[in-house]
Amino acid sequence: MQKITRDVLVEKAVSLLENGSVSCVLGWKKGEFDYDITPAVFESKEELVSDFIFDDFCGANFSKYLVQKTRKVEGKILVFLKPCDTYSFNQLLTEHRFDREKVYAVGIPCEGMVDIGKIKAITGDGISSIVCGDTIKVNTIYDESFDINAKDVLLERCINCKSKKHVAYDELIGEEGEVIESNRFDEVARLEAMTPDERFAFWQNELSKCIRCNACRDVCPACTCEKCVFNNPKSGVENKAPANEFEEKMFHIIRAFHVAGRCTDCGECSRVCPQNIPLHLLNRKFIKDIDSFYGEYQAGAEVGSRAPLVNYTTEDIEPCDVFERGND
Amino acid sequence: MSNSKKYLREEIIRISGVNPKKCMRCGKCSATCPAYDEMEYHPHQFVYMVENGNIEPLLESESLYRCLTCFACVERCPRSVEPAKLVEAVRLAAVRKQGNNRMTANDVPELIDDETPQQLIVSAFRKYTK
Amino acid sequence: MQVKEYKPLIVAFCCNWCSYAGADLAGNNRLNYPADVKIIRVPCSCRVNPMFVLRAFQRGADGVILCGCHPGDCHYTSGNYYTRRRMALLFSMLDYLGIERERTRVEWVSAAEGAKFAATMNDFAEKVAALGENKRLEDLRCKK
Amino acid sequence: MQRIGVFVCWCGSNIAGTVDVVAVAEALKKEPGVVFSANYQYMCSQAGQDLIKQAVKEHNLTGIVVCSCSPRMHEATFRKTAAAAGLNPYMVEIANIREQCSWVHKEMPIGTEKAIILGKAAIAKVNLNVPLTPGESPVTKRALVIGGGIAGIQTALDIADAGFEVDIVEKKPTIGGKMAQLDKTFPTLDCAACILTPKMVDVAQNEKIRIFSYSEVTEVKGFVGNFDVKIKKKARYVKEELCTGCGACTEKCPMKKVPNDFNLNMDTKRAIYIPFAQAVPKVATIDPDYCNMLKNGKCGVCSKVCTAGAIDYTQKDEFIEEKYGAIVVATGFNPISMDKFDEFAYNQSKDVITSLEFERLTNAAGPTAGKLLRPSDGKHPEKIVFVQCVGSRCDACNEKGKEYCSKICCMYTAKHAMLTRDKYPDTDVTVFYIDVRTPGKNFDEFYRRAVEEYGVHYIKGMVGKVSPEGDKLMVQASDLLDNKQLKIEADLVVLAAAIEPDKSARPLATMLTASMDTNDFFTEAHPKLRPVESPTAGVFLSGACQGPKDIPETVAQAGAAASKVIGLLAKDKLTGNPCVAHSNELMCNGCSSCERVCPYGAITYEDKEFRMPDRTTQIRRIAVVNPAVCQGCGCCTVACPSGAMDLKGFASEQIMAEVDAICK
C-alpha cells in the first residue's frame, strides 16, 4: 500500500552513510514474523541492504529514540519520519530533548499502517507469511490463505489520520500532504455522551485488562523522562505490577496527565498495547478538552510553542464549568 | 420596575444584543447623530430609557422612525454600547407589538415619496425582507 | 457486622495566602462547618499536584477540594491560573472515567471570605455525603 | 528517625473548651517518632516557650509539633523558640487546632478527634522535615534607573542622597522627560521648568549619579542584588566629554528641516541639535537620518564650527556592561495616537491638537515663544474647544482607546482653560466633559476656580464630530444637561488624549521578567501593600510606567521606590526564604516546563556533564533554580513531568504524608 518503496529509502540511507553525512540510520527491521517490525540502528550498507524494511507494518515512531541516541552517537543520525512522527519530533525539540544538529531527518509519505490485531481477527492465529500491498496476502500454517483489503485493517490512528503533512524535515521524499480534518474525537464524544455509570463501566472494563507491561509508556514519545515517576520510590506512585483496580486507573490517569498538552496524538500507545486498551481515548480526551477550553492546540505543530498546561489566560474556564462545556 | 416593563426591557436587550449598562453617559452618540434635531428622544436617551425600562414612551414616539440607522453612534461610542441597535430593537418591538402593521417588501415602494431619506428606504427593505 | 455511621472524609488543600487565611477567618468568626473537612496548607494552589488529589482518594478520601486566591489575586501573581487549567483538565478526565463530578471542586476563597469558606465547606461536605462512600476511586488495600 | 516533641496548647479555653487537650497529647504520644508530649495553657507565653526549649534539651528533640492556633499567628514565634533551643527553625510544624478545629466545631468528641488527626498530619510532615538554611547572596551597591523623567530623576536623587551610586539610562539625548515639555503645573501653576531644571542640574552635579543619555538597556541578566546589565550608548556623533554645549553647531547646520520632536513636530530643528536650553547633559546630538555628512559624506559644517573639536562622524554605538543591585523602572508614558479618531479631524486640520501640543504652544520656549497662536495660520484663536476623555475609558472591545481613566486629563484641561482665560480674557473657552474627576489636594478647588473665576464653560457631553469649514472648525457636540445638540464654531480644538505606557516598556519587561497588565503597565507586587515593587525581586517601579499619575504622585512614588532600593542596597547580604524549589539534576529532563510557569524567572538551564554507569559521559541540559529569586510558590513542581523539581518545606513526600495521615 505504501507509495514509497523500501529500495528508495535504502538507497537514500546508503548514500548518506557512505558520503559521511550521517554515521548511523534509524530504521525498521524485520522481526521474527513478517508483521513484527522492530526499530533498529543500521551502521553499514550491508545491514541496510539485508535488513531494512519499509512496509505497512512500519508504524513505529522513531522520534523518541533520538533522545538517547543523539547523546551516544558521534556524528549525525539519519531518521525516517512519517508525517505523524514529525509532530513528536518537533515536540521533543520544543522540550530540548535532543540536539537538532545531530539529526538528519528525512520525511517520508505514509498511506496508513495496518493493524495486525485486525488481520488476526480475520485469519486467526498461526500466520506464516504476509505480503503487503493494497491487498494483503496472508498465509497461515494451516494452509489457509487470505486476501485482505489493506484499507479495512488500518490502525485506528490511521483511520483517523490527522495529518499527512510533515512539520519537520531536512529533506522530503515523495509528495507533501495536508493537515486532515479527521473525526478522531468522535469516539471521545460518544463516551462523553454516556452516563457516568456507563463511562465508569466502560473504563473499568478496559483498564482492568492492563497488565502493567509499561509498553505504552516505553513507546510514548512524550514519555522521555530521565526517571519515570512510576520507577521512582519517592514519587509516591511507584508501582511495577497491577496490584488492583486503583493502580490501573491511577497509572493511566497520571500517565495521560503527564503528557497532556504535550501528546501529539501519535497513537503509539494504543498500537503497542498487548491488551488492546484504547489508550488514545484518554489522551484524546485531554486534547479535545484543551481545544475546546483554551483554543485549538496541536502539540508539535511548531517548535517552541507554549504547551497549554504551561500557559494561561486570565479568562480561562473555571473547573466548575468544564462539565457543561466538555459535553457539548 | 413593574414586571411588564422588565419583560419589555429584557426583550429589547435580547433583540438588540446591547448591554445598556455599559453606557458611561458621555453623550457622544447624540453629539454625533445627524438626525438629532428630528428626534424627540435622542440616542443617549434611548440608552438611558431602555436601561430604566422606560420603553413605552419610545414605542409611541416618532423618534423611532427618524433614526437613519446610519450607525454613526455605533461607530463612535467609546463604550461599544451601539445605540442604533437599540433603536432598531425598539422599532422591531413596536412592529411586533402592533402585530397587524407588518408589511412585506412589496409594500415599501408605494410608501416612498421625494422626502423619504434613502437610508430609510434601505432599512425598510432590510427589515421587511426578513 | 458493626454498622458504622457514614461520615465523608474531605481533604481541602488551601493556599497559604488567601484560602488558609479565609479558613482562619471562618474560625475567628466561629462559623461552623463539618469536622470531616481536614485542611492541608500549601504555599499556593499551584503546588497541588494532581497526584496528591489521586493520593487522597486512594487513601480513603471521599472528596477533594482545592482553595486558592481569586484569579488575579494570586500572591505569586499567576499560580492559580495554572491551577485552574490543571484542575479543569483533571476533573474533566475524572468525570470522563465515570468518577462522580461532585467529589472534586476548586473554589476561590480570599482571606476576607471566612463566610464563603464555611459555606463552601458545608455545601461540599453535603454534596459528597449525598454521594456516599467513594467506591470508584478506592484502593481496597488502604481501607481499614 | 526523628525525635519529635508534641506540644498541645489550651489557648486558655479557646482550644481546651472544645478539644480534650490531655487526650490529644496522649494520643499523639503514640505516633511514630514522638518521644515527648505535653500540654500547657498558653504555649506562646514565655513559660510555654521555656517548656518547649527545656524539652528540646532534655529529650534531644529533632522536631517539634505545636498543636495551637494558626501558623499564620505563631509559626514565627515557635520557630524562634526552636532556634533559641539550638534547633533548626524549619523543624517546627504547627497543627492548627484553634481556627480550624476548636473554633468551628462545637462538640468535644468531634473536636478532639479532629485535633488528633491534624496533629498526626503535622507529625507525619515533621518526620520528613529537613533542616533548612536560607541562602545568602551579596548585594552590588549600585542602582540602575531606567528612564530620566521626573520619576527617574527623583528616584536617582533620593538613592544618591543615601550614599549609593546610581546610573540613569535615558533613551533621549537629555533627561527631563515629559515634564520638561510642560508649561505650568497644576494645581499651583508654578512653571514646570522652574521646578524641574534645578533637579536636572542636581542630577548632573551629583557625584554618585551617572547619566547614560541617548542610551538603552539591551540585556538584563542575574537577579536581585546581582543584576548584570548591558547598556547601549547610541552614537550621537559628538564626543560628550568635549562638547561644551555652546550651540554654535546647532545654529550653523545647514539642514534646517528636521522635525523637532521636542516640540511635537510643530516646528523644526537642525540635524545637529540640543533639545532645549536646559538640557542635561547639555551636549549636541546629530540626527543620522538628516545629517548630510553622515548620509552622503557632504557637509561637515558642524565639525568646522566646533571649537572644542567634539564632532566625531565615525562614532559607533558603544556597549557598557555594569552590575547593579537594584533596578528601578521609570519608563513613563506617551499620549496615544490620534490617528484612529477620524471624527476629531486630527489628521485633517492643524488646528486640532493634543493637550501636550497645547502645552508646547503656551510654553515660552515652545514653537510660538509662548504666544497662543493657531498652528495653521498663526492667528490668535478666539474660541477654543477642549475635549476630555479622548481614548480614555473606552470599552474593552474598542480598538481605538484604552479602558482605563488617564487620570491627569481633567486637571490639565482645567489648567489649560484657566491659563488661556487668564492670558487672553477675550478668548472663549469651552470644555466638554463626561465627568470631572478631581480627587487630589486642592484639585477640586482649582477646577471650581476655572469655572467660577475664569468663566470657562464646562458642558457635560461629548464632542461627536469636528469638521474643518474654511478656516474654522465646526464642532458638533451634545449638551446632555440641556438635552441639546450643539454646533460650535471654534478656532482651535484641543484633545485630551489618553496616555499609555512608553513602547519601550514591553521589551524591557521581558528582559526583566517583570510582569505587566494587559495595558502594558507594570504590575506591582501587591496593589495595596507593595505598590512600588514589581513581583520580580529587585525590580522597582517609579512613575507612570505603573499606571497613570500626575507629578506629585509620581514624585511620591519615586521617593517610595528609592526608599525600597535604599533598604535593599543597605544590606550586605540578602537572606532568602529557604522554602524554595530545587531540581534534582539526575531526574531533570531540561524540558523547560518549569521555566515557563515560573513567574519570577528564577529558573535557568545549563549543560552539565554526567558520568554514566558505563563510564561514558553525557552532557544534559538541566534546570537550575536560583534560590535568591525563587519565592517558593511551587508551580514548577507540578509542571515538571519527571518530578525532578520539588519544593523545600513543602516537599511532595511531605504533603503526601499529610494526606496519608489525614486519610488513615
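By letter and in written order, the chains are A, B, C and D; residue numbering begins at 1 in each of them.
Everything below uses one rule, namely that a contact is a pair of C-beta atoms (placed from the backbone, for glycine too) under 8 Å apart; a residue touches a chain by one contact, two chains touch by 3 or more.
For clarity, every value in this text was computed on a predicted model and none was experimentally measured.
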Pair joined by the larger number of C-beta contacts - C-D, B-D: C-D
Between chain B and chain A, distance of the C-alpha-averaged centres to the nearest whole Å: 59
Chain C and chain D: spacing of chain centres that average the CA atoms, whole Å: 35
Centroid spacing, where centroids are CA-atom means, of chain B and chain D in whole angstrom: 46
Rounded Å distance between chain B and chain C, as computed from the means of their C-alpha atoms: 50
Multi-chain contact residues (two or more partners), chain B: none
Contacts with 2+ other chains: residues of chain A: 229, 235-236, 309-311, 314
Residues of chain D whose C-beta touches two or more other chains: 597, 639, 652, 656
Inter-chain touch pairs (all): A-C, A-D, B-D, C-D
Chain C partner contacts - residues on chain A that touch it in the complex: 188, 191-192, 196-204, 229, 235-237, 243-244, 246-247, 249-250, 253-254, 256-257, 260, 282, 285-286, 289-290, 293-294, 308-314, 316-320, 322-323, 326
Residue ranges of chain D in contact with chain C within the complex: 70-73, 96, 98-101, 103-106, 110-111, 113-114, 117-118, 121, 515, 523, 535, 579, 597, 599, 631-635, 637-639, 647, 650, 652, 655-656, 658-660, 662-664
Chain B-touching residues of chain D, taken from the complex the two chains share: 343, 389, 391, 393-398, 400-401, 434, 460-465, 476-480, 483, 485
Residue ranges of chain B in contact with chain D within the complex: 22, 24-33, 36-37, 42, 44-45, 72, 76-81
Residue numbers on chain C that touch chain A, as the complex places them: 50-51, 54-55, 58, 71-72, 78, 81-82, 84-101, 104-106, 136-141
